[in-house]
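Have a look at this one before I ask anything.
Chain nomenclature is as follows: A, B, C and D, assigned in order of appearance, with residue numbering initiated at 1 for each chain independently.
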Amino acid sequence: MESKLTGLQLYAMMLVFLLGTSIIYGTPRLVPDSWLIDIAAIVPYLLLTGIYLALFWTGCDRNLYELLVAAWGKHFGKLFALGYSVYFLYIASRNLRDMVELILTALLRNTPSFVIVLAFVGIVAYAACGGIIALGRLSILIAGMVLFFFVVLTCLLYFSDSIDLERVLPFLSEGLGAVAGASLRSSIWFPYGEVLVFLAFGSSLGGAKTLRKIGLFSLLSATAILSFSNLLQTSVLGIENMKYSVFALLDAARLINIENFITRMDALVAFIIIFGVIVKSAIFLYASAKGAEFLFGSDWRGFAPSLALLIGALSIKVSRNNAEHVSEGLVYAIYWLHIPFQLAIPLATLLLLRLRLNHKEA
Amino acid sequence: MRKLARLVGAVLLLGACLQMSGCWDMVEVSRASLMTGLALEPGHNGRILVTLEVLNSAETMSFEGGKGGSPSQLYSNEADTIVEAMIRMNEHLDRMLIPSHIRVIIVDERIAREGLDRFMDFVQRSRYVREDVTLLVSRGTKASDMLRVAYPDGMYAGFGIQSQVFNYHNNWGGVPDSFMYEVAQSAFSPGKELLLGAVTLDKKSDKEESVENSKKLDPQTLVRIAGSAAFRENRLIGFLSKEDTRMVLLVTNQLKRTTVSFPLDGQGKYAAIRLIRCHTSKKVQMIEGRPLISINVEAAGLVASMDDNLAIDKIHGYEQLDRLASEHLKESLTATIGKVQKQYKVDVFGFGEHLYRHRYHEFMPVSKEWNEQFAKAKVVVQVSVRIERSELKSRNQTQNKVVN
Amino acid sequence: MATYRFRQDRIENELRAHFGSSADLSLIPIRLADRDGLLCFLSTMTNSTFLMNNVVQPLLQASYREILFDSAEALDSLRLRLFGGLNTRLLEDPGHLPEWMTQGYAGLLLDGQDRMLLIHVQELEKRSIAEPTAQNVIRGPKEAFTESADTNMSMIRRRILNENLRFEKHVIGSKSNTSVYLAYLEGEADERLLNPIREKLRSARLTGLFDSGGLENELQSNRFYLFPTTYNSERPDSICSCLLDKRVALIVNGSPFVLIIPAQFTDFFKSPEDQYQWFVFGTFIRLLRYVAFLFSLTLPAFYVAVTCYHQELVPTLLLTSIMAQRQGIPFPAVVEMFLMEITFELLREAGTRMPRLVGQSISIAGALVLGEAAVQAGIVSNITVIIVALTAISGYVSPVYTFGANIRLFRFALIVLSSVIGLYGVILGCAYLLIHLTRIETFGVPYLSPLSRFSGKRSA
Amino acid sequence: MAAIGTLVLASLSFALLVLFDTLVYRQSFFVSVKRMFLDDAYFNRSAWTLLVSALLLSCWYDLRERPFGQRLSARLFGRRKDTRWNRN
């Protein structure tokens, strides 16, 4: 009864998914040329998505949780599936926390975060309950809006002549090695590794061949947009200024000033980021609801609203202040969550499945 | 099934509102008033005296129902930090203050000498203060006197000063546009020191300032632009004259349009050239430990006035004028750079930043004491002014004799 | 049981009992040769002159010609020879007679026959084809549908001279028995779309149906949809263009508005005039409609959010003039906005419900006097009146009138949201609307379907 | 089953948060458990209301599965067959 996602819907969904929260903070600025980080790390991304595609191809249209049970047997499989559900919930709560921070800084100051989280969670639950097809159509609209937003932002910045490409220099001041290191250390997991979530949709992805073609294409365009956004921020704010600004894109958008009338564009940035985070959180919620359905039996629509509220509760408790939030994400989350769940387990599952496949054929 | 999710959204949203009732960020506009100007002076024992210009919107020009009262009032308060002083304004002000529309921040000379860091953090961190706020240094007078100047027909001091600096910068270039944004830029980018606009006050009579005498033929007190203020590590070290500031803007490519007047042949005859577009390309390199700065200025202009009857209907006339203009510009440019090198020893031209950007490995070893390096740098200036047209008349009308 | 023999007097008493003392029942005893006969019909439903010329006259003349009225096949010969051209039918069971009479049939009865002859002589006063009132255009046909389904069908048939055009008749309403015609192009409309509609029409539980509006709720699969999922129009040319576009039309007898299923979001912004003009101008106007839709939805909420919550998003000069105007206004911005919105709704409702002559003066006087006086008295600020007027006007830009009603409801919701959590509420309101739009499906066709044509079966 | 599922997921994710707190603040597991659940109760109130409503919602969803629940929900939200609205 789950109908297939069309190509365009899948492309838009992956694009918005990849851009969702990484627009807010931009790639972590460990190296002066932060806009190179995304481009430098294209090869590792392709390897990572290659694993997922191979997993999907061998699993022939079964979703992630079924593959886990098929590879690891009933008990271990269920354990890993539980782990993945919690992992998706954790990432969703981190995304939600990113957005709440932006709202509390850019738009509202005294509103308690409870209200913001609650309103947002209601919307995400409603979006996720619509099923994957409605989410696909929604992300087409939002992908269009995000692209339009970047075009408008660049034109406005250009006309208020605050773009100065001189600020991008000195080019590769710390050499290519530093950039590659930074991209491996942080950027490969944060926006790109999470494409794993699409495996959880299984049959509604429309076949492995289309997934490979479209997945690759959306990955490349997401990298292009992200590095363009970083380049824009660097050319407007300058490398050093960007290092200490919490929301770099927001600071860049604040510099728009045309004839003292078209100014103060913070709302435009907040508008786009909220939509991006809605889609991303809805996808994560849908994936973990599917996991819960797989593990506990009852229909996933029953889980979606309560898991959404759970994400809300987690996002309030995930970190006490901004510094902890960022450091937790950059250092601890990578070693304790991203590497095992995005690299180790999928690779092991792939190998096990291949072994079982050869064993059965032999 | 979908009813469930919709029910969840609706019930919980309502529940939340009831639980914490009230609109947290609501500011009723008719009960609030705008902060449009900020003046900072040293207060008693190390505290900061903050003077705020609060707008009385009923009197501003946009509302014809005004009863002719002064469009803005000044309130001042003293505290250890600026934020606290601003927030505590309600000690003697009944309305809620909206900080997001400050147009001008005037820093007193005495505070600037101690260093800007003390108050820069709040201004950059707060989302209310925009990046295009004009930051000025008051020269020779108290900062709060600047905001006391009255402007005719409902114009308030904050807006007046900002448009004065804006127009002066665009038409003649004697003052940098000194946005808040530049403080952050110069603080971070190595090799470029901060240059802010400086304003002063010339008071004809010390009568108390009021709206009436702003309507008189020659207003008593006026805000005058006094060139610019040079900083080293965010500490004021000196003021530059308007002519020197124009040359600094020329080098940093911030000069929009200007008028240069130069002597023609020494007997008190002058020509004025209106420069429409000027562009400077810099080349900075370290030659055996000593920076060599070569500047190439190109400018396009038109003849504004000419006392002598140069033959500018002929080609050689234009070439002569070009040559004269270029030489004059070159002299004043080298003079300014020499003066800044000797007197202030601070690189407000951004040569260090250019070296940092283009020759990163040459700059890093000297980055710590770049100002000293700049002081002993060798400067080569090359100017080429191209005068394109002489507007309506070609020769000087008054001196044309029928028979000569 | 023995075949039932019709007796004139018994039928007469039955009909009188059945129709009671209703004035329009007319029973005319006639004598054919040596047989007694009865002509029964409802005078309001039949055209008496037509009846006299085409039925009674031939009968009387025929009575002394050679037609034998006592033979069993008398009715058959009568039917073929005398009433060849008319739509006639034979009836065995007298119980159904009243039902046929209400549909405009005249019953001819001969004593002793086992069957009765029914002649279709229905002829109702119809309104002539007039100009459209709700959706008028400058360039384009000026014909509009009328109340009678037959003329509407003829207007469609006139435009689409295609043998595949089908009109399926359905009867709806347990008490009113209104006839509803399902119009579609064979081969164009998809079976996956037709069957659910037929099934829905059959299972409609309405007691009476007097306008296509009543049918809209029935066809909507989920009552909580904020947006209308059936397009209605009184212009035959827009209906015909929809029919060619693989869609199905529903013509309700007695309603000038014809329904189109399934409708998409973009239909409500298409006016037929766009195709008849230069396409560039057409697209520009259509873009303008979308902008007006956004304006009428979010402008008041955006104004409230920006003036009350995010003053830093307003350029300084604009904010100073807003503040200058709002000096001394007793209400906070939210209450003021609500007041003005409700007064405008009041004015609009009064304007339409008032009889045509008085209506014009009320709406103009109301808007001017109320607006001006309120501002003079200092209850409302000028800028609020401007904003409310702008939103009210841009609410009517959509060619389909019913679409405007939904926007107005959601506008109030957005104002409440923006008064509680400011711009964040407005953004979330728009997000909810967007998600809602992408989730609406009518009969398997997604509401924003131009983005994705038939996306397979209905998702769960 | 939905209630149990949500409960398990909630407890596991909170355990994950506590694990991260121990790592980031380099304090013992029990200290971070105390800080997470017991300290500054006023600010935690919002998180607990969300958590409790999540669990209540999943219980309500379980209830709807059972026949008793269906009858209850039909009466509360169900759409009465011939509402006055339709019988115009």
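Following the convention adopted for this analysis, contacts are C-beta pairs under 8 Å (C-beta built on N, C-alpha and C of every residue); 3 or more make two chains touch, one makes a residue touch a chain.
Everything quoted here is computed from the prediction, not taken from an experiment.
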More contacts between chains, B-C or A-C: A-C
Geometric centre: closest chain by C-alpha means: A
Inter-chain centre distance, chain A versus chain C - centres from mean C-alpha coordinates, in Å: 47
Averaged-CA centre spacing for the pair chain C and chain B, given as whole angstrom: 67
Between chain A and chain D, centroid-to-centroid distance (C-alpha), Å: 25
Touching two or more other chains - residue numbers and ranges from chain A: 108, 111-112, 114-115, 118-119, 121, 123, 126, 130, 263-264, 266, 302, 305, 308-309
Residues of chain D touching at least two other chains: 49, 53, 57, 61
In chain C, residues with contacts to at least two other chains: 309, 312, 316, 420-422, 432, 439
Residue ranges of chain A in contact with chain B within the complex: 105-106, 108-112, 114-115, 118-119, 121-123, 125-126, 128-130, 166, 169-170, 173, 238, 240-241, 254-255, 257, 263-264, 266, 299, 301-302, 304-305, 308-309
Sites on chain C touched by chain A in the complex: 309-310, 312-316, 420-425, 427-428, 431-432, 434-436, 438-439, 446, 448, 451-452, 455-460
Residues of chain B touching chain C in the complex: 2-3, 6, 9, 17, 23, 25-30, 32-34, 36, 55, 57-58, 60, 62-63, 65, 98, 100-101, 103, 127-128, 130, 159
Touching residues (chain side chain D, partner chain A) in the complex: 1-2, 4-6, 8-10, 12-14, 16-17, 19-20, 23-25, 36, 44, 46-51, 53-55, 57-58, 61-62, 65
Residues of chain B defined as touching chain A within the complex: 1-2, 4-6, 8-10, 12-13, 16-17, 20, 24-25, 127, 130-132, 181, 184-185, 188-189, 356-358, 360
